[in-house]
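All chains are identified by letter, namely A, B, C and D, in their written order; residue positions are counted from 1 within each chain.
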Amino acid sequence: ACGADEDTSSGAGAETSDISGNLSFYTSQPDQDATALISAFNEEYPDVNVEVYRSGTEEVISKVQAEKEAGNVQADVMLVADSVTFESLKEQNMLMSYESPEAEGIPENFVDPDHQYYGTKIMSTILAVHTDNVEETPGSWKVLTEEAAAGESIMPSPLYSGAAAYNVGVMSRKDDFGWDFFENVSSNGVTVVQGNGGVLESVAAGEKSYGMVVDFIVARAAAEGSPVELVYPDEGVPVITEPIGIMNETDNEEAAKAFVDFVLSKKGQEVSTEIGYTPIREGVEAPEGLKTVDELNVLSHDVQELLETREQDKQQFADIVGQQE
Amino acid sequence: MSTLLQDVRKTFGDTVALSSIDLEVKDGEFVAILGPSGCGKTTLLRILAGFETPTGGSIKMDEVETADPRRIVPPEKRNIGMVFQSFALWPHMKVKEQVQFPLEYHKYVPQTLKKRKKERVKEVLEMVGLEDYADRMPNELSGGQKQRVALARAVAPQPSLLLMDEPLSSLDAGLRMEMRREIQAIHRKTGTSIVYVTHDQAEALAMADRIIVMNHGTIEQMGTPHDVYSFPQTEFTARFVGKANMVPGTWTKEGFHPLSDSSISWPSTWIAATFIKNGIFPVRPEQFQLNEGGEGLKGEVVNSQFQGKEMHYVVDVEGHQWTVHAPADVDVSIGEEVGLSLAGVEAPGRNSAVSVSS
Amino acid sequence: MSTLLQDVRKTFGDTVALSSIDLEVKDGEFVAILGPSGCGKTTLLRILAGFETPTGGSIKMDEVETADPRRIVPPEKRNIGMVFQSFALWPHMKVKEQVQFPLEYHKYVPQTLKKRKKERVKEVLEMVGLEDYADRMPNELSGGQKQRVALARAVAPQPSLLLMDEPLSSLDAGLRMEMRREIQAIHRKTGTSIVYVTHDQAEALAMADRIIVMNHGTIEQMGTPHDVYSFPQTEFTARFVGKANMVPGTWTKEGFHPLSDSSISWPSTWIAATFIKNGIFPVRPEQFQLNEGGEGLKGEVVNSQFQGKEMHYVVDVEGHQWTVHAPADVDVSIGEEVGLSLAGVEAPGRNSAVSVSS
Amino acid sequence: MDHTARKNQGGPASWFSALSARTLGWRWIIPAVTLIVLIIFFVLPIVRLVWLSFTEDAVPTWQHYREVLSDAGTWMVVQHTFWMVLGSTMMALVLGVFMAWLVTYSDIRAKKMIHVMVMLPFIIPSYIITLSWTQLFRNSSWFSGFLQWLPGTMEAPDLYTLPGMMFMLGLSNYPLVYLFTVAVLRKIPQELVSAARASGSGRGTVFRKITLPLALPGIAGGGLLAFLANLDNFGIPAFLGIPGNITVLSTAIYQEVVGIGPSAFARAAVLSVLLGIIALLGTFLQWVLLRKSRQLETAHEETRPRFSLGLWRSPVETVVWGFLIFISFVPLSSMVSSSLLSAYGVDFSVETITFSNYTYILFENEKTQGAIGNSLLLALWTAGTALIAGTILAYYRVRRPSALTRGAELVTGLPYALPGIVLALAMIFAWMEPVPGWNPGIYGGIGILMIAYVTRFMILQVRGSMTALMQVDVSMEEAAHVSGAKGFTKWRKIMLPLLLPGLISGTMLVFLTSFTELTVSSLLMSAGNGTIGVTIFDFEQAGYTHYSTAFSTVVVVLMLGVIGSLLLAHQIWKKKVVKI
């Protein structure tokens, strides 16, 4: 690894001279992740000053929308949780089309056909169980509808989280699940909370036994010693890819393109692997406890349709949960 | 209600506000507490009401112990009414509400009054001349109007002990006369006991059955108005109640030689022993006669004040400045030489027991 | 400082507190404003100070327009001092700090005073008899002590116009006399103009160069104390200043027949036209002579009050209740039949111009 | 020489005219400037927001209103909001007034300590409070065990309900009522209470008829703030309302904002207008209540106890301390224990305790110190600015009540009532390009946070200052004026000493709330301008719960230190500065 490092940095030295300036990067990545990514990027492009704005996906999107409303989008590059969100930006003509040379290593279904955004990592929503409460590790999502999980399951709300809405959108359109699945889960007494963090806390504390939650935070908690186990159900898992894209109104196209290239490059993917994410690029190892792209059974659906029906889906979900009591 | 104070003391930090007060207020009696600013009048009244705990001594009301330094019966359990020196009107209540308040909450309001609260409010407001102000708020009243509301509020529930702290100080002379008459009427009609704090000796003399002269937290003298006025036991009382001039001189068998001038002799009279011992003759301003001719003690007029029906002069006699009240027709100017002689000294009445305080 | 008020009016909502006041206070003059509770005295003073904007009219101070309904010169820009009826002491300052405050911030304090602030504070505190209280906080003072602090604070910076709102109302008679003398001394020494609000006619008569008698927001009469007292122009003034009894009767060439009893004739005298027109003779209580023998108007004693040097009787004459002041040696009891005659009526002095108000 | 002499001679006259002219100038300038500032900072962002609700692609339309208002769900949400706010405000009022009364008037001991304990809910980040309470009431907690052990069939209450939300909100916001009421109660002259007791009324009646109405300015002022805070609160309705499927306006607005439809903002703006109307109704109600209340005549603060609990003292103290310790111990203990654990959900034992989280927070992570620095700077700036501007505004509002000043009070209240996310959006609209095409660079730096904080929290100071001002009789000022003091001198020597305790409680609130602010900063912060709230939020979102709790613990300790030193400073001020 050491030798490789030196290779890239010497190679980068040549490029340094022509790419510089400020780059405004809006992301929903946790702070540490974004910091690691940028410092790795700056090793290659020391003259680019990346300014990060970091918050929840919803806040990032609201901010960009507000900037648009106010007449001047400040972001140059954006990286947030799910593709549906990007699809909506695309629809509003806010994204720039860019064919990245690094894109070839990335599975086609994670790349926008118009090259306006690219997936950067694989985050699957899995089933987390509390090891003390659950003796027999379940193999199917259906456990959530069974007696064992009555009043013992928890999931994030699609009303508050775009990623959760994506999951509901995809799963409700699969034959294995459909809206019936959510109706059953609901009548089985599921608790809905605002975000993934809340689900993990609840399951780790043993307050609930089963949780529908994004994989990497479970893996991290398990590694630290929390009594949680990560289960990839047989039916498959919905996956979000934290896509990256360049804003149409960017002031620094050069740097933005370089940044996107870097994130998709082998080097960039390794950075995110080190932090604990499943890489999206084929040929890069997944961190311990997580499956790589090719090992996954991915549940997916047409993004455009999901975008069009998102409000409807949310409403339907709300109605189902609302009937619970 | 009869009230008995025994050896009551009160200190605020280092300040001794009251030291060893013994006092009895009999049922139905009208007692005036008279004394200069800061002598402890308000403090005494607040102790009677139950707002201050005495530092020492005890208080009995109708034979029941109501206060000693450890425990006191709270004011609302006493059958009292009180007019506060600072009025203490509630800023959020209309005048009529202020007056109605005790009618509703006072524990001892006669049933007959309870039944006709509204009328009673009207009645007492008429009594203090504020019937047109029933709907005003306190901050829309003048100083004197406020004071009258405070008075109305205190008398409305007909308490059996009325405590009043300078209740007429903000009123003009005419209104004050009227209020005096009203208070006297209330006293006569209801037989309530009244403790009336004032610094105005005219008020005390005119209204009270008995006057308590206070100074520096102690009682200087108690007695009927006539006694206190005409037969002061101490220099303080003579000065404070009668505004007397202290004329030094020599007492002999025949009488008094002012300024030890043996050519002048004032007739001997009933006078407290202290004065005789100290060689002093207390002369009230109106006891002096001002002789434009110059008979008597020779002096010079140094100040004159017009007071309508009379003139007030200050006359300097050998360095002593004495106040002299002369009829309005006596007209001398400042700087003029005059003579002072004694006009008339009365003897104590038959039924006035001269009480000698410690 | 000379002050000129022209047609000044002030209303609070529906209440007319002042209606059309015309008044001049000359440089160095001592003016007393005398009137019953609620007549607008405080309001007038507050307008002079600049705290209230007049609803109408204008005010000039030293020829400079200082107030009209649209703009006023704020109080801190006027060379004034003021004693508030409610004292308005600052609760967070010691007595000496209260007094020192204006010395530090008043714009017109003479340099000589500024230089010796500490001494000046001591001086005025001594003047009001509070030198021992310099380090007290206001809530540790009695009512009268507070009032004296307020007085000290107002006079400390030697303002050229001193406004005082009943500055002595909480003081006892002795202290009040002393304070009167101090205020007169200040007036003489500094030549400051003084506007002195009071409801106490004795105070006004004793101290003022000129008295303004107010009633219901208007000026009833202005004039020297002697004029106002002896030659009232209106019934109100006669009653308020002289406590006069209004004796009805018939005016003829020879004189006045009280109660139209032609057998009695009181000598004609300088008297305002209104009285003659209304068939009234104003008699002050001390102008009546009470005859135990029964000469004069026959009446019955219905009330008596001991007042030390004299007795105050109320005598009922054919349904009229008149107040009579008699010397202390006249001793009649309630219910007794007496006669009333006129003691003496004076003529206006040479140099007293009887001013007739509108 | 001659000239100067003459000038001196004509002194008073020329002074009058010159000064009166100047005075007039100043009299107009101050309100005018205030007005302009108010419009720019408070009115424009809100107008911009309201405008959004009436437009579709810059074309005016009623459509959003028609849509939102015809939706039955909207009315359900409004109903929920109404009950939630009503219940929680009531609870805050009862709890706050009772505690204030006890602390100011009784002879209960350790008043300073109680004071600080009451403020704790403002220091502990609110999501931690909610989280710990839900943990406390879950089936497996020691508390449930304790309740089951007790005779009878007591069960831990279900917090995921409307009453649960009221309870949590009431508990979080009662200190607002408490603080404002304490300030007023101390100023009620003893004499007025004495007069009522001499009129025969016992303690209960005196409290109802005299104390309560006289304290109304403070109670209503604090109550209004608690009302607004309950209205805008997002954390508790989100945390408790989602599982219970209870949506209130603040959560509904959030849902709209994050929904990515083309008219998402417009619909959110419509809901915000609804919320604004409720806030205005509350403010109006408060005015009606206060219309009759009058200023007290003295301004003396009496800190002596006014009644003795006697034999009841120990039992009452036990109950009060039990309550305070319980309600602050629950969140604090859960926070501290979590911060000491190596991983979430492991049992608390010797092996699992670690200080590594603290080491990380304090020494290894560079962002935390920066965040504390930024938050401190922002809190100081906000508190300072609000203290000055808010007090000026309050002064005009109290001393010269007019439509203008009442309106000013109203507009400063709105930004506090709007949910943080809405205010943040409005700030972006208003400040990114205040004039189209001109970007002054306020947005994107710390400047926008400075403005947003002041806009949002100004009302806390305005209310605090108003309450304080209402306790100072005008004659205090008048006496200062005749003594020649005005402006700065009057404020320094007379007004501030008299007002200070009241001002401080407002300033303290501004300081504490801006110190841990989250929602507004999470949208408006920029690189290098992270605040404490945002940093905790980041840790939490990334699943680093133990870091977030460790950091929260550090912050709480820090705040306690700040409060302690403020109290100390106040003592010193009282002893030294005032007495000079």
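Please note the rule applied: a residue touches a chain if its C-beta (ideal position, glycine included) is under 8 Å from a C-beta of that chain, and two chains touch if they have at least 3 such contacts.
Here the structure is a predicted model, which means the values were calculated and not measured.
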If every chain is reduced to the average of its C-alpha atoms, which one ends up farthest from subunit B?
A
Determine which of the two chain pairs, A-D or C-D, is joined by the larger number of C-beta pairs in contact.
A-D
Distance from subunit D to subunit A - Cα centre to Cα centre, in angstrom
37
So, in whole Å, the Cα centroid of subunit C is separated from that of subunit D by 53
Just how far, in Å, is the C-alpha centre of subunit C from the one of subunit B?
22
Distance in whole angstrom between the CA centres of subunit A and subunit C is 89
Send over the residues of subunit A in touch with two or more other chains.
none
Counting only residues that touch at least 2 other chains, which ones in subunit C make the list?
86
Touching two or more other chains - residue numbers and ranges from subunit D:
297
Please list each pair of chains that are touching.
A-D, B-C, B-D, C-D
Partner subunit A, residues of subunit D touching it in the complex
52, 131, 135, 138, 140, 238-239, 242-243, 245, 254-255, 257-262, 264-265, 342-346, 352, 367, 421, 425, 428-429, 432-433, 436, 439, 443-444, 522-523, 525-527, 534-535, 538, 540-545
Mind listing the subunit D positions that touch subunit C in their complex?
12-13, 15-17, 19-20, 23-24, 297-301, 473, 475-476, 478-486, 489, 493-494, 497-498, 578-579
For subunit D, which residues count as touching subunit B in their complex?
189, 191-192, 194-202, 205, 209-210, 213-214, 216, 292-297
Mind listing the subunit A positions that touch subunit D in their complex?
30-33, 51-56, 58-59, 61-63, 65-67, 69-72, 74, 84-85, 88, 92, 130, 157, 159-160, 162, 191-198, 200-201, 203-207, 217, 220-221, 224-228, 307, 310-311, 314, 318, 321-322, 324-325
In their complex, what parts of subunit B are in touch with subunit D?
46, 49-51, 74-76, 80-82, 84, 86, 88-92, 101-102, 105-109, 137-139, 153-154, 157, 163
